[in-house]
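Shared between the two complexes below is chain A, which has chain B as its partner in the first and chain C in the second.
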Partner chain A sequence: MTHYIVRRLLLLPVVAFGATLLIFIFMQFLSPYQLVSTYVRSPEELRHADLDTLVKKYHLDAPFYERYFDWVGNILHGNLGWSATSNDWVAHSIAARFPATLELAIYAAIPMALGGIWLGTVAAVNHNRFWDHVTRIFAIIGWSLPTFVFGLVFLMVFYVWLGWFPPGRLSTWATQVVISPSFHAYTGMYSIDALLNGRLDVFFNALQHLVGPVITLSYLYWALLLRITRSSMLESLRQDYVRTARAKGLEESVVIKKHARRNALIPVATSVGLMFLGLLAGVIITETVFNYPGIGLLTYQAAAQLDYPMVLGICLLYAGLLVLVNLVVDIGYALIDPRVSLD
Partner chain B sequence: MRMDRDRLRGGALWFFVAVVLSAVALWSVAAGAQVKNPDSIVYAMYGEPETLDPAFAYDTASGEAIYNIYDNLIAYDKGSTSDFVPMLATKVPSLKNGLISKDGRTYIFPIRRGVKFQNGATLTPLDVEYTFERAMLLDPAAGPTWMISEPLLGYATLTELAAHLMGVSPDKVDMKKLPAKVVREIYDRVTRAVEVKGDNVIFHLAKPYPPFLAILAHGASWSAIINKKWAIAQGAWDGLPSTWPKYHDPQPQADPLYAKAMGTGPFKLETWQRGSQYILTRFDGYWQGPAKIKTVYAKKVDEFSTRLMMLQTGDADIIMVDPPYLPQVEKLDGVRVTKSLPRLQNTTAFFNYNIDPKGNDYIGSGKLDGNGIPSDFFQDIHVRKAFNYLFDWDSYIKQVLLGQGAKPYGPVPQAMAYYVNKKAPTYSFNLEKAAEEFKQAFDGKLWQTGFKMTITYNTGNEARKTACEMLAANAAKVNPKFRIETMAVQWPVFLQKYKAGVLPLFIIGWLADYPDPYNFVQPYMASTGAYGSTQGDYFVQMARKDFDPLIDETINNVDPAVRRAAFFKLQELAYERAIDIFLVEPYGNHVERTWVKGWYFNPVRPGEDFYILSKGE
Partner chain C sequence: MDLFRRFLRNPLSLTGFIILLFFALVAALAPLIAPPQGPVGTSPYLIPRAGWGTIPLPPGPGHLFGTAEGQYDIFYGIVWGTRTAFGVGLAVVGASLIIGLVVGSVAGFFGGWLDELMMRVTDIFLAFPYLVAAVVVTTILGKGLDKVIIALILFGWMGYARLIRSSVLQVKEMEFVEAARALGQKTWKIILRHVLPNSIYPLLVQASMDIGSVVLTAAGLSFLGLGAETGFADWGQLVSFARNWIKGEPGAPFQYWYTVFWPSLAIVLFVLGWNLVGDGVRDVMDPRLRQGRNS
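Then we have the complex of A and B:
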C-alpha cells in the first residue's frame, strides 16, 4: 500500500508539468495584444493604455518557451507569480480563496454522498414502485433545474422571505470577529476556525451562510449519484450471490446492505471522487449567486482574462488534487472490495 | 371515517406550517423595516479596487476607496464641478488672492497645520512635496500620473522627457539604463516643479494649464496626499536623486503601496480581502471631525439579483444598479432611487478612416464591389454623415437605456454646460437624409454597388449590441444592398483587432479624469489623442491641420471666454466633419435604503463618499 501511494504521489510533478506545458503551448496561439487584455480589461480602459508599452513591460512578446522557463524558474523559487485579475500574488489568492471552496465542498460532499447512495438504494430496492418513481422525479428536477434558478429561488424563499440563510460567508458582526487580531485563521475555513477559536456564535453564523450553497450544490450531485447508485444496485441485485444470500435465508436488510450495496459501491466511489473534484472546481454559478468568494469564480475570471499565471497556479492545484482524489478513490476500492489489491 | 380523520390531521398540519411560515415571513419583513447595522454602511458593488496606491490607481473602484482614506489639497464645493473649497490647503489659489501668478504658471498652497495622519503623524508640506514628486517619478504605464507630469514637466511621461533630453525618439529610450546625467536632470526638473517654502507648497508649471486645480482636487486619486516617512518605511522611493529609476514604472507586485493605504482621510483601511470586500473603520482623529458611520463594508457582489435581495432585506444600504434593472429597485419599499444623474461620460462609435485590409474578415472583399468595403470607406464624408443619420437616438435612449441617457451635442458632455453649444445642430435619425448622403458617396457608386461589412462589439455589452443592430437594420432599410453584420467578440480578440486597425467601426466610452472639456476634446479630436490617434492616418492628418490648433488654444489659455469659443468651434467641426457617431451620455443613479441620510451627487466623485452619510429613521 505504501509503495502504491508513493508511486502515485511521484506522478504528481509529471501531471503538473504536462498540464502547465500544454497550457503554455495553447497560449502561443494568442497574440501579445490578446494577452494584454489581462491588463486592459474593458474598452473604457483603452483610453489610458499604450498597448505597446504594456506588451513590453509585461514581456508578452517574448517567445512562449522563454516565458515558460521563466515561470518554472520562479516556481522553483516558490513564486507562482502575480495575478492581474485578482491584483494579488497567485499563491496568496489561491490560499485565500481555496479554503472557502474546500469548506463548501466538504459540507456539500457529505449529504451528497450519503443522500445520493441512500436514495439510489431505496430506488433500486423499490424498482418501478412508488419510491422509485419519487426518486426519479427528484432526480429529473435536480438535473433539469438550472443551478442559477435553484439558487435564486432558494435565496428568495429562505433569505428574503424567511431571513434564515443569507448569502456571503459571514454576517458583518462575525466578519469583525474573524478579522480581529485575537482570531486565528488556522485553516481559512470559517466554521472550523471558529471551533478552534472557541467561537460557537461564529461557527453557527458560518453554517447559516453555508446552508444555501451546500443545498444548491448537493441537490445537483444528489440527482446524479442517485441514478448511478440505482443502476449499479439494480445490476448487483440481479447477481447470483444476491440470490444465494437470499436463498440462505439472510435478512433482506443484510442482503441489501452487505451483499448488494457493497458491490454496487465501486462505480459509485469513482463517481464520488470525480464529483468531489467537480465541487472543488466547478462551483462558479453557486459562488456567484450566493456571493461566496471561492476559487471557482477566480478560475473563471482568470481564464476569461487570459491571466495565465493564475490559470497555471490553479492548474497546479487541481493536478495535485486530481492525483490525491484518485489515490483516495483507489484506497476506497480496496476497502470496499477485498479482491482489489493495491500492491 | 379514519381516512377523513387523517386528512383532517394532515390539513391541520399544513395549516399550522403555513401559519408559522407566514408569521416568520411577516416578522422578517417587519425586522427588515428597522435600521439594520445602525453604525455601519454595507455597500454592495460590482468590481473592486485594482490598487490603493494613489499614484498607480486609475480605475473608479480604486479611486472610491482612496477618496475615503485620503485627502487632497482642495475639494469640490459639495455638488459643484467648478467651485473649490480648501482641504489640506488652507486656501484655494486664485488670481484674485494672488496664489496663482499672473502668467498662470505658479500655484501656491498654504498647508493646513495640525492635521494628523491615521498613524498619528502630523502632516507637513514635505509630505505634499513628496507625494507629487514620487507620483511623477513612479510614472506607471497606463497610469494616471501623466496628469501631473504634463502640466508640471511639459511631458506626459518621463520616457518622453528622457527622449527629449537624449535627443532620440521615445521608443529608443530604456528607462532602466539612463545615463547618470539624464537621471539627475529628470530628478532636478521634478524637484524644481514642486517646492516647499515655509508652510507653503509651490507648484511651478511648464505652461499655463487651466484644469490644474481640478487635477489636484479631492476625487482625483492621483493627487491624494501620502505620508513621506510612512511611504519610505513601506519601501517606496527613498527620496534620493539617483535611486528613482529603480522605482520607475514598477510591475504591480513591485509597488510597496499597491495594497496598502494610510492617509489623513475620515476612514482607515481595516482590511482588504481581495475578490471579496474591503472594510474601512472610522478615523476618530480626522481633522474635520469623525465620521458618523463607524464601519464601511464595501462588498464585491457581482450578481445583481443577490445585490437586490441584500438591499431588500436591509443587509445592504447602498447597491450598484445598471439602468436596465432600475425598474426592479424602484418598486421596493424602503428604498430611495435617485436617477438621471448627469455624468462626465459618453459613449461613441468611432470610424476607422484607414482600415487595415490585411487578412481582414470584417470588410468582406475589401473593395467597393457590393461584397465589402474599401479601407478608405470612412474617408468619404457622405458615408460618415449617412451613418450618423442611421442612428435612432430616441429609440436607443428610451427603449434600450430606459431613458437613462442624453443625446450628446459633440465630444463634450452636457454636464459641462458652459462649454457646450446647445444651439448648434446635431444629427438626428433620418433615413431620407441618410439615403441622400449615401447617394453622393463615392460619386454615386456606393448606392449602385451596395456594401458589406461587419461591425463588432465586446461580448456581454447588450447596449452596444443593440446600437450595432440598429445601424445594421436601418442601413438595410435605406438600401437592401447595404449589408451590415454585427458580431460579438471576446474582449481579448476585440483588443487585438482594435490594435491591428482592422475594425471598421468600434464603440468605446470615455469617463472624465477631471471636469474640464479639454479632457474630452483631446482624446477624441487631437492627432495624438487616445482615440483620435487610432482612427487612421487620414484622421490624424485632418486633426493635425484643423483640430490641434484649437485644442492647443483650449489648454494654453486661462480665459474661460476664449476657451469656450474654441470648444464651440471644435464642436462645430466635429459636426461638420461627422468625425464619429456620438451615441449617448449615459446617466448615473444612486440606490440606497431610505434610512441612509446625507447623500448628495457630485459627478466628479469616484463612487461613494461615506463621510457625508449617516443612518437613521
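Then we have the complex of A and C:
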C-alpha cells in the first residue's frame, strides 16, 4: 500500500510536466502577436511596444526548450499574463471568480451524492420491478438531455413565467450589501458569507439564485451515480455475507443498509470524487446559461473574445485540479478498501 | 443475426433503433425534404434566411417550424443539421476508436517501456477535463466544425486505449496466441488476426454508448459559439440563437417557444436514440448480464 501511494506520488511530476508541455505545444499554434499577449505583464506594453521588441524582451526567439522552461517559471511565479476581457491579471481574476464556482459545485455535489446513492439503492432493492424501471428511464433521459436545453427551459418556466428563480448570482440590492465595506468576505461564497455576517436576507437571495444552476449542473450526475450505485448494490446483494445476514434473521433494512450498502459504497465513493470534478468542469455551459459569474462564465467570455492568456490559465487550473482530485481519490480508495494492493 | 434479434426484442433498444433509422432517413433525403434555395454553387449546409431582421417569426407557411434569431429557417436547419450530427458523432468516435485501438493494442501487446511510455502519455491527455480541453483547442484553432472534430478526437481516444490495453493483456496470455507465436507468425499478424478480434467487443459497446455524449459535447461547443460557423446547419447553434428569446413580450411568456423547442427536440431524440441503442448493445454483448439478468 505504501508502495502504491509512493508510486502514485512519483507519477505526479511526470503528469505535470507532460500536461504543461502539451499546453505549451498548443500555444505554438498561435500567431506571434497572440503568443506575445500571453506573456506581457501589463496592457500598456501591448499598446506601446512593437512586436519585435516584445519578442526580444520575452526571449520568444530562443530555442523551444528554453522558452518552455521560461514559461513554466512564469507560471510558478503566478504570472499567467494579462487578460483583456476582464481587464485584470489572469491569476487574479481566476482567484476572484473561483469561490463562486466552488460554491455552486458544493451545493450541487451534496444532493447529488445523497440522492444518487439513495435512488440507486431503491433501484437495486427493487431489481427488475417498477421502481427499477422508473429510475432506469429517468437515468437514460438524464444523460440524453443537453444541459443548455435544460437550463433554457428552466429559465423559461421558473424565471420568465413564474418569476421564482432569477439568473445571475445575487439581486442588485443584495450585491450592494455584499460589496459594502461593512460586509466581511470570509470565503467569497456569498451564501456562507451572508450567514457569517448574520444577513439572512442575503443568504436566501443567494440560495434563490443557486437553485437553477445547481439542478442544471447536477441532474446528469444524479443519473450516472444512480446507475453506478445500482450495479454495485446488485453485486453486493448477491454476496454470501448478505445471505448469512438474512439467514441469521436480521431485519431486511439492516441487511441492506449495514451489510450490503456499506460494501457497495466503496466503488461509489471514487465515482463521487470524480463527479465533483465533472461538476467543476461542467460549469462552462451552466454558468453561461444562467449568467452566473464564476470560472465557467469567465471561460466562455474569454473563449468568445479569443482571450488566449485567460483560456490557457483556466486550462492550467483545471489540469491542476484534475490531477489533484485523482490523486486524492486513488489514495482514498487504497485506504478504504484493504483489498487494493496495486503495484 | 441471433444477437440482432435479441437486441430488437428489447422494447427500449427497438425504440432507439427506430429513432436512429428515422434520423438516418432524414439525413439521406435532406435535399428532398428541404431543397436548398441558394444559387447553384453555395453550400446546402448554409441555412436560408427569410430576411435580415433579428426577431424570430412564428411557424407558418414557408417556415414549418418558424425562424430563429436572424430569421434562419428552423426546419431547414434541423433537416440539414441531421447530417452534421451524424457526421460529427461518427467521425469523432470512429477516429478516436482507431487511435485508441493502435495505442492500446501496441502498449498491451509489447509491454515493457513502450507500454509505460504510452500509458503515461494517455495519463497526460487525461489530465484535462473533456469540455475544457475542447474549449481550449477550438479557441486556439479557430471556429468551424472541422476544428471541433479535431479537438474532440484529440481528447477522446484515451478511454478506448485503456480498454483495449486491458483486454489485450488478458488475451495475449491465452493458448491460441502462444500457439500462433510458436508457429512463427509475425507479431503484427498475431495482433491483427488473433488478439484484436478477441478483445474488440467491449470497445464497440463503449463506442456505441459514446456517440450520444460526443454529439452533446459538440452541440455544447456550438452553443458556446465555438462550434459551427454562423448560419451553418447545426442543432447546437440553433439553440444558441434561441438564448436571447426565452422571454416573450409582456403577457406572453412562451412567445418564442419554437426557437428553443424544435432544435432541442432534435438533439434530445438523436442522443436518446444512440443511448438506447448503446444500452441495448451492451445488454446483448455482455454474457455476464445475459446470465445474471441484471441488465
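Operating definition for what follows: the second predicted complex is superposed on the first by the 220 of 343 C-alpha atoms of A that agree within 3 Å, B and C clash if a C-alpha of one lies under 4 Å from a C-alpha of the other, contacts with A are read in each partner's own complex, and residues count from 1 in each chain.
Keep this in mind: a residue touches a chain if its C-beta (ideal position, glycine included) is under 8 Å from a C-beta of that chain, and two chains touch if they have at least 3 such contacts.
Since this is a predicted model, take the numbers as computed values, not measurements.
By the document's definition of touching, of the two partners only chain B reaches A:A96; chain C does not. Of the two partner chains placed around the shared chain by superposition, chain B and chain C are both touched by A:M156. When the two complexes are overlaid on their common chain A, residue A:I284 makes contact with chain C while staying clear of chain B. Residue contacts after overlaying the shared chain place A:F183 against neither chain B nor chain C. Of the two partner chains placed around the shared chain by superposition, neither chain B nor chain C is touched by A:Y219. Of the two partner chains placed by superposition, only chain B is touched by A:S37; chain C is not. Applying the stated contact rule after C-alpha superposition, one finds that A:L306 touches each of chain B and chain C. In the superposition on chain A, contact is made by A:D88 with chain B only, not with chain C. In the superposition on the C-alpha atoms of chain A, the part of chain A touched by chain B in one complex and by chain C in the other spans residues 30, 152, 155-156, 159-161, 288-289, 304, 306.
Of all residues in chain A, those touching chain C in their complex are 11, 14-15, 18-19, 21-23, 26-27, 29-30, 127-128, 140-141, 143-149, 152-153, 155-156, 159-161, 231, 234, 277-278, 280-282, 284-285, 288-289, 299-300, 302-304, 306, 308, 311-312, 314-315, 318-319, 322-323. Chain B meets chain A in the complex at residues 21, 24-25, 27-28, 31-32, 37, 40, 42, 48-51, 58-59, 141-144, 249, 251-253, 258-259, 270-271, 273-277, 279, 295, 297, 299-303, 305-306, 309-310, 312-313, 315, 458, 490-496, 498-500, 506-511, 523, 530-531. By the touch criterion stated above, chain C contacts chain A in their complex at residues 12, 120-121, 123-133, 135-141, 212-213, 216, 219-220, 223-226, 236, 239-240, 242-243, 246-248, 253-254, 257, 260, 264, 267-268, 271-272, 275-276, 279, 293-294.
Contact residues on chain A toward chain B in their complex (touch as defined above): 30-31, 33-37, 39-51, 53-54, 57-58, 82, 84, 86-89, 93, 96-97, 152, 155-156, 159-163, 166-169, 172, 175-176, 179, 288-291, 293, 297-298, 304-306.
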